[in-house]
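Letters A, B, C, D and E mark the chains in the order given here, with residues in each chain numbered from 1 onward.
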């Protein structure tokens, strides 16, 4: 019961953390580009404003998809905080991602359609990586339970450094950052306007934005599993990871999906398999 | 409820997402609008993002004269924007038609087709003037929400 | 596979230009591209019949804001030939300086937009940041950032004094240093090359047959530049057309990058040789006759056909802008490309739709 | 010596020779710079064909009645497509064999095509509002 | 990867944003900003009206009125060059945006009065905002 209440509190705090993270991200990105940048609280202003806009509904599927996306993302975060099963968490997360695609496919806009197709390809790229990472964790701990990870004495990073890099690929895709911002991205200067998000507006866009914050926190939470032994180490790992993501975003051009599939699946899977073999041998 | 309302209003004033529509401009004002987004002027300080999608936007920046073909597009974009919204007409062409008022294919300023909240004069309007225009538009929005007074028209100062 | 028609533009965040292309797409491969124009058509050339030939200078400047100075220059040179006016040599050099400053800012603008086209936001920001130096030069010397209105029939309206000349040289040095820092990123970066090399290929033969001009033509290895014709003071300045033989998007971006550096060199040369004469010659009489005049815009060769009938209004002002000539090559480049490459290929002709449609 | 601006010195050409001329220019490697149309006011238009080879220009002048179709050179030079459609918009000229005919809608919408027969011809140029 | 040094230099150094409107940079001397007419010196010769490429100036010599539509003006300063008495000039500040359009309408003394009643000469400034 106590874990459940703690998890609920964690769930409530997640959007706050996610929003602040997005704000810091935008500020740092601006500074990297020699700009002054928006206030740190900017993402909250954006979401509040979107909540206050008049809703424009294209069809009910789209709205339903938005709700399911947010709910499943929140549920995944809740499962994470309850230190539940990694595989269950993975499936819940996938449901959210699938419904994001369903929402985009349900509208007639060609931008959303192409965006949905690309989102599917992105899922094809990052989901095997996440699964392999989970397999690695289960090989190291003996089970798919997050609780068992916390029971370990040594940080996972020491035994699975290459899987962490593979998770980094997934993180870049999930964060919608260059070079993988091909289906939707936050700065909208792209060939698909905002891809899967094109046809959403007002409160529903705000929902998707909040869902995205959940996703980011969840993936960062998975990253944090790699150094669970000390809070300082965990925070340092996350800060370094996120800073690297922002840097990569600013020094890369956007790539195309064939390149993404080749690169992510090729390099990512080779790295992971190598790491799995290493785990198996030791 | 009052608190949430307050927050939403604050969000409205702090996060005006713009969509820029080039409505037959000579590119002079367009590149100045783009220049506003770039490091030297950086309107993201005010929470402004160029979203490129009318469904996400709160403010419509229109540059250039309206002609018979793009007036439908302009109207369409305006209709796609969810309320509350504001329109800023930029440059001599956007406000009145400028030098092209008398051309055969020109309808005139943006206000011939959609209601305009702020007029930014200049040919082309400087980025400074465009920033002033957005600030004035926010004042107009504020006045419409009942939170402040309409900005005054200063003819000679 | 399923065929869909994806509208590209007219209002599109990558391209702040109302270029509308109907893209017939199979999966994500382009089968056909059909242009739809007319979103910026104003009918500017007809204004010649109600405005006098001096006022038309300011109207042709507004054909296109980005290359305004060069439009006015071309129009003025045409009229000067028609009316047999000898332009003072200082005015010729000043025209070179301002037109090359326009070329620098236009190319920097394009390089930024191009970077944005392949999703490289920070590079876009860098190019636009350093571009502000040129805008400041324009604002300080000519009185406006974009449409500088310095040309009149017979000469120029503004002068550059010694302090301004020194300041321009200083700013250009800083600009060049900053620009050279970006050279490797633009031309050698792995991700950038991955997106630009081999996209939108145009062979030299195709380029000539389709009537390509400017960097689009020179990017296919044809060394043709209207500045070689020696208008204004270009006959007294040293420069060679920049070419690159590959004919793809990368080659065109390289040509523009190198031309930016070349233009800085031309401005330096022009400032060092600036003669001391009057700024404008008297223009007697009214224009009569027919003249064809060409100059090199940032986007390519610009042609004016002017016909005067002895009254203060021109009989006909016909403007053939470079983008107008570069659209057929674009249409030939697109089929076979991926949807993600369309903005890149479309951007490499540096489309200026307000020029095209006037 | 090529010049940047020249008093126009165009070779007159007959309507039936236009396409053959274009073909021969194409084979010699000339680039079609553009075409210019001027309304002469007496029911005829002057159509100029500007060609370029290594920065040297060659011009041809076709004087043609406004209401008769002009042979199109767009099958030879694809680039002539836009300029011929533009002339069709502005002068209501008909072109024979245009590869992609926008039928007066390249630039103009119905509002204009129905009220102005040819905006660039003398009779309808001056469009003063009230 | 070549961009790395550049972005790191950016984050180490100061941002290059001019914090307009909180900090304003002094305007350049020759900037063509707001058009002003010193109506005392205006002789209502109509030179500006004739030369203006945008036809935004209307001069009524009989009434002594000088009207300019600042929203049609293209700030080319042709009128300033054409003015014989140099009563027209351009400030180096841009004209501020406004929520409604108006015409700058200046009332001076018609030319025929010469210098007879200089004391009575008081320029009235009137604004007529359109809808």
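We adopt the following convention: a contact is a pair of C-beta atoms (placed from the backbone, for glycine too) under 8 Å apart; a residue touches a chain by one contact, two chains touch by 3 or more.
Keep in mind that what you see is a predicted model, and the values were worked out from it rather than measured.
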Number of hops, chain A to chain C, where each hop joins two touching chains: 1
Both-way neighbours, i.e. chains that touch chain D and touch chain A: B, C
Taking each chain's C-alpha mean as its centre, the one farthest from chain C: A
Relative to chain E, chain with the most remote C-alpha centre: A
Rounded Å distance, chain A centre to chain B centre (Cα mean): 34
Geometric centre distance via CA averages, chain E-chain A, whole Å: 53
CA centroid of chain B to CA centroid of chain D, Å: 39
Distance between the centres, which are taken as Cα means, of chain E and chain C, whole angstrom: 30
Two or more partner chains touched - positions in chain D: 107-109, 119, 125, 127-128
Multi-partner residues of chain E (at least 2 other chains): 1-3, 7, 15-17, 19, 53-54, 74-76
Residues of chain C engaged with two or more neighbouring chains: 12-13, 38, 41, 43, 46, 50, 58-59, 62, 120, 122-126, 129, 144, 147, 189
Interchain pairs in contact, sorted by label: A-B, A-C, A-E, B-C, B-D, B-E, C-D, C-E
Touch list for chain E against partner chain B, complex: 15-21, 24, 53-55, 69-76, 94-102, 104, 125, 127, 129
List of chain B residues in touch with chain A within their complex: 7-12, 14-15, 17, 38-39, 42, 44-47, 49-53, 55-56, 58, 80, 82-84
Chain C partner contacts - residues on chain D that touch it in the complex: 2-8, 26, 29, 31-34, 36-39, 48, 50, 54-55, 57, 59, 77-79, 81-83, 100, 105-109, 119-120, 122, 125-128
Residues of chain E that touch chain A when the two form their complex: 1-4, 7, 10-11, 13, 15-17, 19
For the chain C and chain A complex, residues of the former touching the latter: 4-7, 12-14, 28, 115-116, 118-126, 129, 189, 191-192, 194-195, 338-343
